[in-house]
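This structure is in C-alpha cells; I'll ask about it shortly.
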Amino acid sequence: MAVVAGLRTFGMKGTSWLWRSRGAPLSTSFCSSGSAATAQRESESRPTSMRQQDGIRNIVLSNPKKRNALSLAMLKSLRSDILHEAESRDLRVIIIAAEGPVFSSGHDLKELTDAQGRDYHTEVFQTCSEVMMLIRNHPVPIIAMVNGLATAAGCQLVASCDIAVASDKSSFATPGVNVGLFCSTPAVALGRAVPRKVALEMLFTGEPISAHEAVRHGLISKVVSEAQLEEETMKIAKKIASLSRSVVALGKATFYKQLPQDLRTAYYLASQAMVDNLALQDGQEGIEAFIQKRKPIWSH
Amino acid sequence: MAVVAGLRTFGMKGTSWLWRSRGAPLSTSFCSSGSAATAQRESESRPTSMRQQDGIRNIVLSNPKKRNALSLAMLKSLRSDILHEAESRDLRVIIIAAEGPVFSSGHDLKELTDAQGRDYHTEVFQTCSEVMMLIRNHPVPIIAMVNGLATAAGCQLVASCDIAVASDKSSFATPGVNVGLFCSTPAVALGRAVPRKVALEMLFTGEPISAHEAVRHGLISKVVSEAQLEEETMKIAKKIASLSRSVVALGKATFYKQLPQDLRTAYYLASQAMVDNLALQDGQEGIEAFIQKRKPIWSH
Amino acid sequence: MAVVAGLRTFGMKGTSWLWRSRGAPLSTSFCSSGSAATAQRESESRPTSMRQQDGIRNIVLSNPKKRNALSLAMLKSLRSDILHEAESRDLRVIIIAAEGPVFSSGHDLKELTDAQGRDYHTEVFQTCSEVMMLIRNHPVPIIAMVNGLATAAGCQLVASCDIAVASDKSSFATPGVNVGLFCSTPAVALGRAVPRKVALEMLFTGEPISAHEAVRHGLISKVVSEAQLEEETMKIAKKIASLSRSVVALGKATFYKQLPQDLRTAYYLASQAMVDNLALQDGQEGIEAFIQKRKPIWSH
C-alpha cells in the first residue's frame, strides 16, 4: 500500500507525460569536443545547449568544468530541452551529447550532503528519474552520443536512451559505492540493459568497463573510433529523420508497452498497433509507394 | 478492461492450444537449397512442405519466388504442418527451413493495402501471432535453420523458435519502418531475444545485422558455414530425437511457465516439475540406467 | 490458488529469510585445487569447509571424490556456512569455491531413485531452491570461483551467485535430459542469466559451453587463466571487503527488489533507497570524505 500511495505522488505531474517547457536557445555548438565562442557564452547561462536542424535536435551537456555533473539545474535544463516542442512535426530524433572529455560524472555530490536535507535529496532523485522516464515516453527516438567517461547517473543516462553510440575511448562505471552511495537509481537502467552479473560486478566494485565491453553486453548499440563518432551517430539520426514521425512514434510507444507483458498480451497489443499503423495515412502511403516502386511522401 | 475483453477473443480458439490440422503431404524435399522435381510440384499446391523421418519433422517454406513471404496462406500452411499429429510419440523435434536465398521476407504487403480492409489485416496478424505462440506451446523443440535473409515477420519466426542455427551468409532485419509499417509484432519476439538497444536500433533504422552479430546478441543459437548448416542442425535435432519425448515436453513447458515468474514462484513451479519428472516412467528409467551404467530405453 | 497455497509452505521457514545455523569449522583450505592434509580431514566430517579472514569468507565444496555432488547433506552444509553469522559486521563478502577438478556435478542421482520416494525428492529440491534464494537474499555479495566443470544444479549454483569468476578450463552444462531428468530447477537460474536461445540449446541437448561462451552470454562475470583465478577473485573480494557493509547490503537488496518491477515502480523504490542511503552514517561519511579529499572511515 505504501508503494501504491507513494507512486501516486511520484514521477510525472498531472496525467500527461508532457508539460510545456520554457523556451530554450536554439543555436549552440553541436560537437561535443568543439569549443566555439558562442557555445561557451551559452553555457554560462544554461548548463545544456540545444540546436535543431532537419528534424534532428542536438542537446549538449555543457558544463565540462564540472564534468557535466547532473546537478538539479542540469537535470532541469536537460528536461526542458527534451520537452521543448516535443509534439512538433519538425522534430524527428534527439541526440544527447556532451562537451569535454567526460560525458557526465553523475549527480553533483555537493547537492547530496546533510546540509541540503532529505527533501532536497528527494527532489534530485525524483527529477533525475523523471528525465530517464521521459526519454522512454518521448515520441521520438533519443540517441546518446558518448565520447568519454560516463559514470553513475551519467551511465544511467546512456543506458536510458533508446540507442547509444560511443567512441572507443569511452568507458562506463557505477562507482557510487566508493563514496558510500550505492548507484541504486543508475542500477534501474543498467540492470535492464546488461546481464545481471555484469551489472552487479560494476555496482559492487565500482570498476569501469570499456566501450567494447559495453557494446558486447548491450549497454550501448555501437562503438566506433572517435573520428567516426559524429558521422556514425548522424547517419543513424538522418535515417530516422527520413522516416514517418507518426509511424516511429507509434512503434516506440508500442515497443515499451508490450515488452513487460506476457507473450499473449504482448501479441494482442502489438497486433492492434499493426492494424492501427496500417490505418495511419503514412501506413497506407508507405505500402502504396512500395508496390508502385516509388519513394513515399510522409505527412508525419 | 478493453485489453482483457480483447484478449478473450484473441489467440487460440477454444481452451486447448491444440486443434486438429487437416492432413498435409509428407514426402517433400528437406534441403532448403534443393530443387527436386517432387518438391517443386508440392509447392505449387501448398506454400510449405513437410516430411518426417526418425522423429525429426522438416517443414520447408517453399515459395522462393515470393521470397517465402508469410502470406495468410503461408501462415495457415505452416500452422497446419506444425500442428500435424503434434501429440504423436513419433514426433520428437521440428526443423523449420526455407527454399531459396531468402528465409522469409515477412508479411505479404499486397495483403495489407487499404483494399483488403481492417478485418483482413486483423486476421493476418492474429494468425501470425498464433503461429509464433504455437511454437512456444508445442510439446517438442522447434529449430529454425536459416540460410539467407530473414526480415520482419521472417525475423520474428526465427526469434520465436526455441533454437536457431544460421549460416554465416544469413542476415536479420526489421525494416518495416521504411515502408511506413513499424515492425511492432516482430518486436515482440525480437525484444525478448536481444538486448533492448540492439532491438531498437534494428527497429528504428531498419538496417540488417549479420549472423555473427545475431549470435552475439542471442537472436540465434549458433552460426556455421553454409556447407555445415544442415549437418550442424541435424546434429542438434538427432540429439533431441534420441531423448525421452515426455521428459523434453515437461521441461519445455516448465521453462516457459517459470521464466516470467518471480524467483520464489519460479522455484516452486520448477521444483514441482522435477518431482513430477522423477515420477515419469522415463524419469526413473533414465536414473536407473545411469546407475546401472547402461543405455536407457525410453517409453516416451 | 494451488500455486498460492503451495507457496505458503514452500521456501524459507518463518517470516525471516535468516535462521541460525549451527557452528561450522573455520580453518580449512581455501584453494580449490589445494589438497592440504587439514582440508582432507575436515571433509571427512562435513562436505563443505569454511574459513574467514579480513571480512572475506571462503566456503569450499569439499567432496571431490563424489564430484562435489549437491547431495542433501552438501546442500545443508552449504546453507549452514552461508548463514553462519550472516549479520556479523565482520562478514563483507563470501566466495564459494570447490576442491578438485569438478566444481559440482549437481544433485546426487542416488538420492533421486524410486526407493527414496516423493517426499525425499521434494526435500532435496526445496532445500536446493532455498540455498539459491538465500544467495540472492543474503546481505553480502556472494562470488562463485569456478575451476572446472559445473553441471546441472552445480551450474545453477554458479548462475545464482551475484558474481562468478571462472578459469578458462571451466565449462558449464545442464545435461539432466540425458538421464531423463530435465534440468528444470537449474533452468530457473540459467534462464535468468543467459539469452533464451542459449539456455534452451543447453537444456535440450545437454551439451556443455566453454568459459568463454559463458562470459559472452552473461552466465559468468569474468574468465581468466587457471593461474590467475584466485588472484582475480580475491581482487574483487578485497575491493568489496573495503567498502561499507551497510551501503552494499542496501544496494544489493534494492537491486533485486526493483529489477522485476515496471520502470516507474523501480525508480520509486530506487529513489527511496538513494535517500535512505544518504541518511546512513556511512552515506554521509563517504560524501564528506570525498569532498574533503580524504579516505572514508566506515562504521558498517
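All chains are identified by letter, namely A, B and C, in their written order; residue positions are counted from 1 within each chain.
Please note the rule applied: a residue touches a chain if its C-beta (ideal position, glycine included) is under 8 Å from a C-beta of that chain, and two chains touch if they have at least 3 such contacts.
Here the structure is a predicted model, which is why all the values come from computation and not from measurement.
*Asks:* Roughly how big is the turn, in degrees to the nearest 5, that lines up chain A with chain B by CA atoms?
*Replies:* That rotation is 120 degrees, given to the nearest 5.
*Asks:* Over half of interface residue numbers shared between chain A and chain C means same, under half means different, so which is it?
*Replies:* Comparing the two copies, chain A and chain C contact each other through largely different residue numbers, since under half are shared.
*Asks:* In whole angstrom, what separates the CA-based centres of chain A and chain C?
*Replies:* Result: the chain centres lie 34 Å from each other.
*Asks:* Could you tell me which residues belong to chain B and also touch two or more other chains?
*Replies:* 192, 194, 216-217
*Asks:* Touching chain A in the complex: which residues of chain B?
*Replies:* Residues 3, 6-7, 10-11, 109-110, 112-114, 118, 121-122, 125-126, 128-129, 132-133, 136, 177-185, 187-188, 191-192, 194-201, 203-207, 216-217, 260 of chain B touch chain A in their complex.
*Asks:* State the interface residues of chain B toward chain C in the complex, per the touch definition above.
*Replies:* Those residues of chain B that touch chain C are 141, 162-164, 192-194, 216-222, 236, 239-240, 243-244, 247-248, 250-252, 254-255, 258-259, 262-275, 277-280, 282-291, 296, 298.
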